[in-house]
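Naming follows writing order (A, B, C and D), and every chain is counted from residue 1.
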Amino acid sequence: MLVKVLAFAGFREILGKERELEIKEAATAKELLAELAQVSPRFKEAAFDESGALRDYVLLMINRKRIDPILDLSRPLQEGDELAIFPPLAGG
Amino acid sequence: MLVKVLAFAGFREILGKERELEIKEAATAKELLAELAQVSPRFKEAAFDESGALRDYVLLMINRKRIDPILDLSRPLQEGDELAIFPPLAGG
Amino acid sequence: MIKITEEDFSLDEMIKRARSKDAGAIVTFLGTVRDDGMERMEAEAFREAAQAELEAIQEEAMSRFHLMAAEIVHRTGSLAVGESIVAIVCSAGHREEAFSGCRYIIEELKKRVPLWKKEVGRDGERWVGRT
Amino acid sequence: MIKITEEDFSLDEMIKRARSKDAGAIVTFLGTVRDDGMERMEAEAFREAAQAELEAIQEEAMSRFHLMAAEIVHRTGSLAVGESIVAIVCSAGHREEAFSGCRYIIEELKKRVPLWKKEVGRDGERWVGRT
């Protein structure tokens, strides 16, 4: 199935602003991120620590809703879903 | 000696914006106010209560400095002094 | 700049003067005549004393909140509903200071500056006071 | 009005829209690019998500602080030192509400709206974050 990946700020500079990816039916956000890490070693280094865990400052939205990286990463995605990847907001 | 009296807001409507008054040498602000009360019954009623005490909401400046109606009213005025009489400020 | 004036003023010009490359935040307060069933408002100042008091307040705000600029204008005379009465513009490095400085100036102005307002309505007029 | 835009905007127009005869107070926050030794700033938004979040914040502020109007503009793209980045204009019956509403919107914007800024200096560039 086809999903869309949006990346912003530092992650945009690594992944490009927008790409569509063909992933297997009912794949999870976690599997999608792993696939991106495989395609892009720079993304792997930016987003994951040595133990393979997602770094704290990687923020995610699915269909423009913030998701909890612990609870929601294993939920299966659906055709046409949009995953956004970005660092912390600009803040103060 | 000559002193100047400025009046604002409601007191301006009673006394006029500005007037010069000839008062006796070393007269106090209190004496000056009594003189104004004598000249203008409307001022007397607006500024003094039945017992003859200055009402709370009469504010005074001598030479553009706020004065305390209890402490400073008996200080002698000097030639050319400017007494300003006004109600509470516009506030909130 | 501090001004007590019969004429309308340009908030835009005030903000322009408050901008600078070291200022990251500019906070503006604009007070206008609110329709509380009145036809117009008359504002009166003890001009010389008001100017001096505004200068003192400006100086306090600048040093307390590290402002880069503080602009104050207050109008006098007859003002229709919707018209501007007072404007304060404060610039600072950061927003915390700009907000606090602007708030400080308007609160002190209301408390300390010899200004009076009269509401003129269909049924008469009254001086606005804190009593 | 809420706008995320590459173009510069007119604060004056925003204030004009926020004026009304029931509003006695209009508070404005203007954020500009401060010279922290940088040459320019680049601002980036997740536009659709940012617009939706700003709408939510605006609604919260309007109802919490009884605002008459709340205008928000945020720029994206390359911005020189001194240029405007963000502006918020809130009008209310009284100043307390207008100040609180304006402050609320800028604080929530900084916390919740998907916007990023990159400082581009003589010695390189860095994304500004809260980490």
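Criterion: a residue touches a chain if its C-beta (ideal position, glycine included) is under 8 Å from a C-beta of that chain, and two chains touch if they have at least 3 such contacts.
Just so it is clear, the model here is predicted, and its values are computed rather than measured.
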Mutual neighbours - chains that touch chain A and chain C alike: D
Where chain B and chain D are represented by their mean Cα positions, the distance between them in whole Å: 50
Euclidean distance of C-alpha centroids - chain A vs chain D, Å: 28
Chain centre separation (chain C, chain D; CA means) in Å: 23
Chain centre separation (chain A, chain B; CA means) in Å: 76
Set of chain A residues in contact with two or more other chains: 92
Chain-chain contacts as defined at top: A-D, B-C, C-D
Residues of chain D that touch chain C when the two form their complex: 11-12, 15, 19-35, 81-82, 93, 95, 98-99, 102-103, 106
Complex contacts: residues of chain B adjacent to chain C: 6, 8-10, 12, 56-57, 61, 64, 84, 86-92
Residues of chain C touching chain B in the complex: 43-44, 46, 48-49, 52, 110-118, 127-131
